[in-house]
Amino acid sequence: MAATAALREIRDEAKDRPVFPPPSLTARPIDRAAWIAAFHHVRDETERRAAPLSPEDQQVQSMADASPTKWHRAHTTWFFEQFLLRDHMPGYVLYDERLHYLFNSYYVAAGPRQPRILRGLITRPTTAEVAAYRTHVDRAVGALLAEAATEALATLLPILEIGLYHEQQHQELLVTDILHAFAQNPLGPAYDEAWRFPRPQGTPGSVPLPSGVTQIGHAGEGFSFDNESPRHDALIQGGAIDRSLVTNADWLAFMADGGYARPELWLSDGWLAVQAEGWDAPGYWRHGEDGWASMTLAGIRPIDPSLPVTHVSYYEADAYARWAGRDLPTEFEWEVAARDGHLPDAFGLVWQWTRSAYTAYPGYRPVDGALGEYNGKFMSNQFVLRGSSVATPGGHARTGYRNFFYPHQRWQFTGLRLSDARA
Amino acid sequence: MAATAALREIRDEAKDRPVFPPPSLTARPIDRAAWIAAFHHVRDETERRAAPLSPEDQQVQSMADASPTKWHRAHTTWFFEQFLLRDHMPGYVLYDERLHYLFNSYYVAAGPRQPRILRGLITRPTTAEVAAYRTHVDRAVGALLAEAATEALATLLPILEIGLYHEQQHQELLVTDILHAFAQNPLGPAYDEAWRFPRPQGTPGSVPLPSGVTQIGHAGEGFSFDNESPRHDALIQGGAIDRSLVTNADWLAFMADGGYARPELWLSDGWLAVQAEGWDAPGYWRHGEDGWASMTLAGIRPIDPSLPVTHVSYYEADAYARWAGRDLPTEFEWEVAARDGHLPDAFGLVWQWTRSAYTAYPGYRPVDGALGEYNGKFMSNQFVLRGSSVATPGGHARTGYRNFFYPHQRWQFTGLRLSDARA
Amino acid sequence: MAATAALREIRDEAKDRPVFPPPSLTARPIDRAAWIAAFHHVRDETERRAAPLSPEDQQVQSMADASPTKWHRAHTTWFFEQFLLRDHMPGYVLYDERLHYLFNSYYVAAGPRQPRILRGLITRPTTAEVAAYRTHVDRAVGALLAEAATEALATLLPILEIGLYHEQQHQELLVTDILHAFAQNPLGPAYDEAWRFPRPQGTPGSVPLPSGVTQIGHAGEGFSFDNESPRHDALIQGGAIDRSLVTNADWLAFMADGGYARPELWLSDGWLAVQAEGWDAPGYWRHGEDGWASMTLAGIRPIDPSLPVTHVSYYEADAYARWAGRDLPTEFEWEVAARDGHLPDAFGLVWQWTRSAYTAYPGYRPVDGALGEYNGKFMSNQFVLRGSSVATPGGHARTGYRNFFYPHQRWQFTGLRLSDARA
Amino acid sequence: MAATAALREIRDEAKDRPVFPPPSLTARPIDRAAWIAAFHHVRDETERRAAPLSPEDQQVQSMADASPTKWHRAHTTWFFEQFLLRDHMPGYVLYDERLHYLFNSYYVAAGPRQPRILRGLITRPTTAEVAAYRTHVDRAVGALLAEAATEALATLLPILEIGLYHEQQHQELLVTDILHAFAQNPLGPAYDEAWRFPRPQGTPGSVPLPSGVTQIGHAGEGFSFDNESPRHDALIQGGAIDRSLVTNADWLAFMADGGYARPELWLSDGWLAVQAEGWDAPGYWRHGEDGWASMTLAGIRPIDPSLPVTHVSYYEADAYARWAGRDLPTEFEWEVAARDGHLPDAFGLVWQWTRSAYTAYPGYRPVDGALGEYNGKFMSNQFVLRGSSVATPGGHARTGYRNFFYPHQRWQFTGLRLSDARA
């Protein structure tokens, strides 16, 4: 009776806590149930995101940068089977060895893999077979977590944890990739008719940036990716950063002022992209009889001037800032302002381009083994984005989170916030 | 009573006749039931061929030359809706006007259309929705044929007839396209585990070709495509043509003699293709621990030396003939020998490359309108193949039939038969 | 005295004969002086064509299909050194072995060679060094011809003869290649300010083509390339062929009628070329303030409506014929009409596209060895042109001569003459 | 007499001063003679570098990144004519207006220009004509400088100064571009048989980097490019930097350890470059019978293990550092160490890759007008190199100089120096 009451109490307490993120790896005693709940929460979210999609939808790869929904579902499953079950569950037999070639992404150390560009050609296993693969691995991971000795959990949980954050990244890609695929269809299908972009809360004006040396990078007990470390000193020059995101109304003014036709506003590589791609508006915008509209997760919708502009590349963000006589913030300026709570709309609307090239923090070394391929090998030719977007799963992002994309890419929910650098 | 007996008699008679080809357009009285039966026969065959394929399989386009199964099913349906129902069924309302953009192939006169290379990106309409489209059009065509005034049939049947032959061509492509798609999958899935290549009947040796002027091209009452006309005089130089097809055993001898490594055996453009594509064997061949195997409709199977070689390009066929000190026949030499009944394995195994470039017969003029785009506009850079293949639907081919492909293409069931030109 | 008088007589007689073509190979006694004269005549003509060009002009390769002037001068020299001096002049030492890699064109059997596309990057040997190479080889060939035993000449002269015709082909390319290079220069330099296109002599109307079997291909004692053999029977269907070439005035009417904007007039591959290349007029035409002008050997000149149209591709010629409701002749129809003397302007203005794909005559076999690579290996994807052009050297062409180019190529002086096929 | 003696005195004094760099812009009184001398010194150096090259050599463009020698000579001349003579010399008439289209490089604001990739196709003006253009402009500039009122010089000299540094940059490119062109020639021609790579002076070991905030960027009176400003605070984290450059011996050890075959050592984009380009050694290295050799300005020479490695891309430099368990320095670390005099071989051997992406200093704004296109528009996707190379003209570089190239480029004299970042 007392035991039951205690258990109920624990559960009641858990109800108030979000299931994700899971507890800190260093928390003791280890809350096994919380980790199992976090695992199923993340796995279920992937399925929830795939649910509106037909087998045909899940098959398609609409460009080299994107992947089929089916592939995302299988690859995230492969990740747990490869790094958790195969290496750490005694007696575990691979569900189907052939899947390891098909669903490895870019982990060279984990063996050969299907060329990225050909992912969309793999019609078998089917969507249903991938669902069965997921179910199998979910059960095995659930059993492993439930039955592992407490000491073993110290080894398992760090792998589990990175697997969960990894799957969340693919959840975001799943949504942005299918939006890209649907945008190729002249019929403009909707992923979710009821979807709406959230309204921003930012107010006009900017907040000053404190000049001086400060600490940047991950600290404390929660999860972070390796590219957020080591924590180190950085110098903030001062200046100020806007409280609000650049809006569609702002962008229409840029367009009206010839923004896409004035080479002096653009980086040299950006101007090449404008000409090669024929850009004259943000991604997915199309001009119709009733003015500008955009392909969205709810299908084709008129542009709402009050919403943040999204699907702009770094080149466009940079040109806009030059046009406005302003700057993009550095990633450190953004981080300092965000951790002080001065950036409304930092999270949940659009990733915000910074003018920081994506490079290693001083003294950074990737972790050993295949998981070391996670972040470090992309540290050239990309720019850092901070915050998170409407497609980012809950609990995934944080102030120190470093997202990165090539400056020409714009199929993510990417926008911008301006700043004024101190001259 | 008498009527019923008469009807039964007709049906009994029909049982002995193949349902396809349908009666001659000039046969009187018009056998309405036979045409309806032919229509359903062809339409059903497409569905029968698609039946083993999952929605994912039907979605994929594995190269620019191929199309998704779903697209073949929809496009052949569009053809009947566009040219028969819309133009000739009073009061007919299009099933869904948007499909006309998606499922027009290359009929420029029939309006704009989805770029060929992007066919694989159209996930909606789904496979199930395409099936519903087929059903709808089938019913409408059935009703039109059943209810049209006899005089109206004279207009309808020529369109129906070309639609049937058109759909049969897509039936062959459906099979060869999915074989290409499956060949990209490292798992090597089977379209039909029980599928086997038919055994050839040809015997050694050759038959002489009669020299002199003869008539070439379509004659008589049956169907033919416009590129088989006008019937005209042609000069046969003499020489001889083989009774059997070139086999895998023959081809292995060519390979063993360095056939793919000796530029002097190849046309200049062919040698470029060898180097660019890395060809060292026929299409779909792969060398494994147990020797050469090939991706087939039944999955990966060992090479059977006694079967005809297939999936060879014109460049390969030409190089083989040069290596053998022999010739490929002209299309006229093939036709003359075939109509005299001297060519075992002419039909039903592999299309046979001829050394005739695909050009117009003297005085050829395409028919007016969109259907005139059928054949004539491809009369450059391609070579004629004669006969038919294992993938060709029953009743489709004939002695005068002219198939054509680019000399580098080899995803069809294409082989060869040698000859000796008279010097 | 008598000897001197006899010699003078011979010389006087020679004055009345053109130096080129040289005597028949079978003529006896062998006229050694005539062959030496023919050799120097051809070699000098190359130099005469290169003379207006600066070292910089001679260095440039403006597209993959073209070659630098310097390369033409060196390659034709290499041909004599490789096939005549090295193989047949006792004790001959190569001028510079390294040149053999640089100046072999496509003779795979003659060893590895500089990739075609990189010919323009070879700045050394310089133009002056190539001139020295020419002088050296000219002297050696002259000595060989002067001193060889009469019996040896029977071996040497066939090689010499093909070398002379080979060099003449490069003389034509030298001119058309430099025209292409100059056309890339916004300044529009002139190769020869005084150059003028010859006026055509053709009269309106057509001549009938005799139907029936006739002999086609090379006959008699003069030179011919291997692709003109074997002589064989061919069937002429009848019809008629125009006495005059299509003119610029005709072409302007085609353009005014939307010729370049109506896909129904074009072969499928041709329409792709129109779109990919942005063709809206013949090659080198440009529209300025004073109407259409064209880049010519004399620089940019206004279009003269009465001159034959030139720099049109096969695709354009074919589209024009379709627009006109006429045909292009077959190569055999052209040959029959030309040898009967019924084709004004057959030679010396523009090569005339025929609707014959370039294939082997029945029983054709290439000659053995490297010289066998001359013609046969190009027998796919090209069309035959007959006649000769303003850039063709005197004495080079003949009624049975078969020129060939890809259907998209138009940097040669290529035009057309219409016909009416018998239906 | 006294005057003459004074003049002699000035000349004697001048003899001890290098002619380049010229005096500071702010020095008063303005030393007109020194500026004229600097102008002629720089102009003569270009001619000196072009002198060993034939007209053919000067014509060629061997890749899109390179330009013909002739173009460098003309473009640097255009720069002075465009920005100095046209805008500031009263009554000056352009030498030839058409050259402005041909020889503008990328100054969008200065008007349309010949597409970069086609520079090698412009055979006219010839090399001799470009020499005449240079002479004309040199005389005009000389006259302008000699005759301008003193007040006018305040406007002229800043333009002259940037023109001189601009021409020096093209002097370096002239040499590296012709090396690339010659490397395409199988004969391996030498630019200068007597050329030798200078011997390095660096000693083993490293020097510590002082941690703390320091000033970075241009200060003082000498010339600098706009990308070196504004001077600003930067934080140095500490660590250490090597006194010597990485040598060919070091690089051979990296190669022997599988450096080019181990993807885990490479950035993801770098590994793609290795595979796409087939890199297995630094640029211009080739393996022959006697081991590794390299194409150099003196032709093909054996690799000298004691010399600094050169012609390595950023990707290679980064992989090498990872292999060595070391780092590349940041550009600020390099600058701090260099200005303290701790970096032997900082200048005159190889540019040294840093791990700093090329971005703007805080508060950077490009200058107005066409000259503002000089540096800022390249601030994406490139990395900073510091120091200077064997091809850099004397007096050009300085401690704060920021060179930049794309991470895949390696036709410059680019090498590296390692460091240890403080973790």
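Chains here go by letter, A, B, C and D, matching the order in which they are written, and residues are numbered from 1 within each.
Quick note on the criterion: contacts are C-beta pairs under 8 Å (C-beta built on N, C-alpha and C of every residue); 3 or more make two chains touch, one makes a residue touch a chain.
Note that the structure is predicted; figures quoted are calculated from it, not measured.
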{"item": "Touching subunit B and also subunit C, the following chains", "value": "none"}
{"item": "Chain at maximum distance from subunit A, centres defined as averaged CA atoms", "value": "C"}
{"item": "Euclidean distance of C-alpha centroids - subunit C vs subunit D, Å", "value": "48"}
{"item": "Mean-CA-position distance for subunit D and subunit A (Å)", "value": "40"}
{"item": "Intercentroid distance (Cα basis), subunit D paired with subunit B, Å", "value": "62"}
{"item": "Touching two or more other chains - residue numbers and ranges from subunit A", "value": "none"}
{"item": "Residues of subunit D touching subunit A in the complex", "value": "106, 108-109, 213, 230, 232-235, 237, 239, 263-264, 266-271, 314-315, 318, 355-357, 359-360, 362-363, 365, 372-373, 377-381, 383, 407, 421-423"}
{"item": "Residues of subunit C touching subunit D in the complex", "value": "54-60, 62, 70, 98, 101-102, 114, 118, 120-124, 126-127, 181-182, 184-187, 189"}
